[in-house]
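Read through the structure below, which is laid out as structure tokens, and then see the notes.
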Amino acid sequence: MHNPQLNKNGELQHLLTIEGLPKPTLHHILDTASSFVSVSDREVKKVPLLRGKSVFNLFFENSTRTRTTFEIAAKRLSADVINLNISASSASKGESLLDTIDNLAAMHADMFVVRHSQSGAPHLIADHLRRIKHHHVHVVNAGDGRHAHPTQGLLDMYTIRHYKKDFSQLTVAIVGDILHSRVARSDIHALTTLGVPEIRAVAPLTLLPGGLEQMGVRVFTDINAGLKGVDVIIMLRLQNERMTGALLPSAQEYFKSYGLTPERLALAKPDAIVMHPGPMNRGVEIDSVVADGAQAVILPQVTFGIAVRMAVMGILAGN
Amino acid sequence: MHNPQLNKNGELQHLLTIEGLPKPTLHHILDTASSFVSVSDREVKKVPLLRGKSVFNLFFENSTRTRTTFEIAAKRLSADVINLNISASSASKGESLLDTIDNLAAMHADMFVVRHSQSGAPHLIADHLRRIKHHHVHVVNAGDGRHAHPTQGLLDMYTIRHYKKDFSQLTVAIVGDILHSRVARSDIHALTTLGVPEIRAVAPLTLLPGGLEQMGVRVFTDINAGLKGVDVIIMLRLQNERMTGALLPSAQEYFKSYGLTPERLALAKPDAIVMHPGPMNRGVEIDSVVADGAQAVILPQVTFGIAVRMAVMGILAGN
Amino acid sequence: MHNPQLNKNGELQHLLTIEGLPKPTLHHILDTASSFVSVSDREVKKVPLLRGKSVFNLFFENSTRTRTTFEIAAKRLSADVINLNISASSASKGESLLDTIDNLAAMHADMFVVRHSQSGAPHLIADHLRRIKHHHVHVVNAGDGRHAHPTQGLLDMYTIRHYKKDFSQLTVAIVGDILHSRVARSDIHALTTLGVPEIRAVAPLTLLPGGLEQMGVRVFTDINAGLKGVDVIIMLRLQNERMTGALLPSAQEYFKSYGLTPERLALAKPDAIVMHPGPMNRGVEIDSVVADGAQAVILPQVTFGIAVRMAVMGILAGN
């Protein structure tokens, strides 16, 4: 089957989802990111790789944090960055998504970083660009609905590789609202491709999607069992809006049953690392003692995230 | 009469309106734009013409699309760009327009790109800058009320010249809400100056301003008659708010009477081009088949628009 | 006592408040600013001092004007600037201030320019950065609650030194809403440190804070007495919201009692200068004739403000 993310030479054309990306492609991104980690440590944190390129941050859904990471990454690559908060503009004038894309492509955009509340929007844009033969324009999915958040998945893999070196012996637990999480989905695809032998999903039944077992994921509703002996814990953010719905009783109840406390962390391997995509709800899905503790690698994730985004943009611009 | 747009050497000091600009000035802008079209095609889409200059996008009225085109144009000229959405800031603190300008001029602004809902605001700013002897600061009108949108007018002329080469034999029809359109006004002035022998205005009576005949424009309320044998069709956007008012019955009715369908387009010359300033209301003023058809040059307009804005800013900064 | 603004070599590490800064530090900033005044006059208004540095404008309180001055200053130093309007983002997701700072620091921020409605927020951030050992990250207070606005204080000092050369013989009157003014507080500390022998506070009783006399300030409730023979008049902005409260009868009444009219200005020395931090309420705290008159140096303040902010950022980045 045709993979719309790869060009005919098998090189990355868009980054829409981790699903279906070959293992060497993932490692190539992580290796490239590795070279960019040092750039952010320099006095002059800039390389000219994207000089004169126009990167558009198309945020149809507001996310200052994610937008910022892409903006910094692009600027450190010397790109010209244009931030567009679309909900407040063309969308309100009734222009269609694809008309907006046509227009920006006509301005000689080189890259679209797309955040959208609807699953599949970045795919739609990439398909459209192919149809109108704008093959030089690249799309990076910065989170679409419940579908995927591939750069978050990649930075999670970078972090795991950094601390654990080898994927082939690991047990990784993903804990929390897996049902609504594009991060979980991207992580599961990446971990699978990279050869992690045991991936666990830990959540209450109401927050578990169907089909996990078919993806090779072991499901736990008991967090104590789920954390037992793991190397890596990926905590998920609990959206506040879930609390007010019927899915969960209350934040306190959730913390009691699924919050990552020091006691629960002690069930994992002694050198287990704790990850979180942020922003954290302290006292809801994670205890502050754990969040700020020695096993947490939550802030290194952020640092690696810049390097990973620089790598993705750099690779795309080179293809 | 003194033309506030030209300095004493007859060079462009501000771009406020196309009205009154000499034909050689218009051609000079279009010729300069022509050299910038290739810049946007390069690997490194940047020239150092405005390096170290501060361009302020002063948007007293929200328009992401227009702001974006100026932002890209300025960044490709290597300027420092500051976006100011004024409605949300000083204006709410009760500061007057001219106090805001005084302040930004004191920060050594080099150029103001001004969008304002009130006709004449950019003129007012240009007059004020002359009075306070800030002769090095340039004003570009990015759309003021119903008055003018000169860079749109210029990019329309660039597009026509690109496809039709010569203005002196053309028949151009402007179709739609001419009454409220600053684009129509700017186009009529430009077409007249550039020597277009027949300019037509096609609209229902309620959307026709007075005085068109005195400007040398032929008025048609029947679109079939108005499109007959034309070389260029400029469709105007129908503002949604007109629909709810007393001026028009409904979007469907409007489309029935004035929408550009393939059948109507067939009344024009076989090689006629179709233009639209965007964003389009598909199915209201224009049929999607036409919008996406072979005669539409709506996306090239956008591409040329960047080059035209680079040209205007480059010429102003050089004078 | 430890001064969190200075590093162990006594160099400026953060700019949080003018209170406690040594006189040589203030003069060093003003001297450095002096060299930057000429940069803004050049054709290419840029120096490479902060090339490759990431400056974050963290505005937890909206202020387009102040944000703009820092954005221009940073861009003229060649920094990469990221604007974050935090009220609209993480804050709404319930992330704490310090988690936000941790995240941005992990992205290798070099400088935070912080505006916050709560007094002490920039201090809190600076303390936190020290605790997490991010010693290379600098904080500039861009106004916190009623506490301090040190760059405004410094630009006021620059302006006074520019026009009066020597601080040691001056009488300076600060007029208006001193109670709520962080500008007044910063000015009083700066004037005291720089050796101004007579500082006057002129305001109605309801807008005077306690403790002024202990700071060496002479208090006047009668503006005519307060302006008598002064060299410098610093007018303060009257916040509109004070008018609707119980503190003041009305804008007209205020102007009658405390507005700076030509007649009142005539009570000062003939060569007295009139300053205002902007934005002005013409006809409330200041008569337009005075605001636009020969003794007003309100716009030069703005110009010097850019140079002072460039100096502060340049000095911090060098330490």
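Some observations on this one:
Every chain is named by a letter (A, B and C) in the order it is written, and numbering of its residues begins at 1.
The rule is short, and it goes like this: a contact is a pair of C-beta atoms (placed from the backbone, for glycine too) under 8 Å apart; a residue touches a chain by one contact, two chains touch by 3 or more.
Being a predicted model, the structure only gives us computed values, none of them experimental.
Rounded to the nearest 5, the angle that brings the Cα atoms of chain A onto chain C is 120°. Two copies of one chain, chain A and chain B, form a contact in which under half of the residue numbers belong to both partners.
Averaged C-alpha coordinates put the centre of chain A at 41 Å from the centre of chain B.
Contact with two or more other chains is made by no residue of chain C.
Across the complex, chain C is touched by residues 51-54, 80, 82, 84-86, 88-90, 93-96, 99-100, 102-108 of chain B. Listed in rising order, the residues of chain A touching chain C in the complex are 40-46, 62-65, 68-69, 71-72, 75-76, 240, 278-282, 299-300, 302-303, 305-306.
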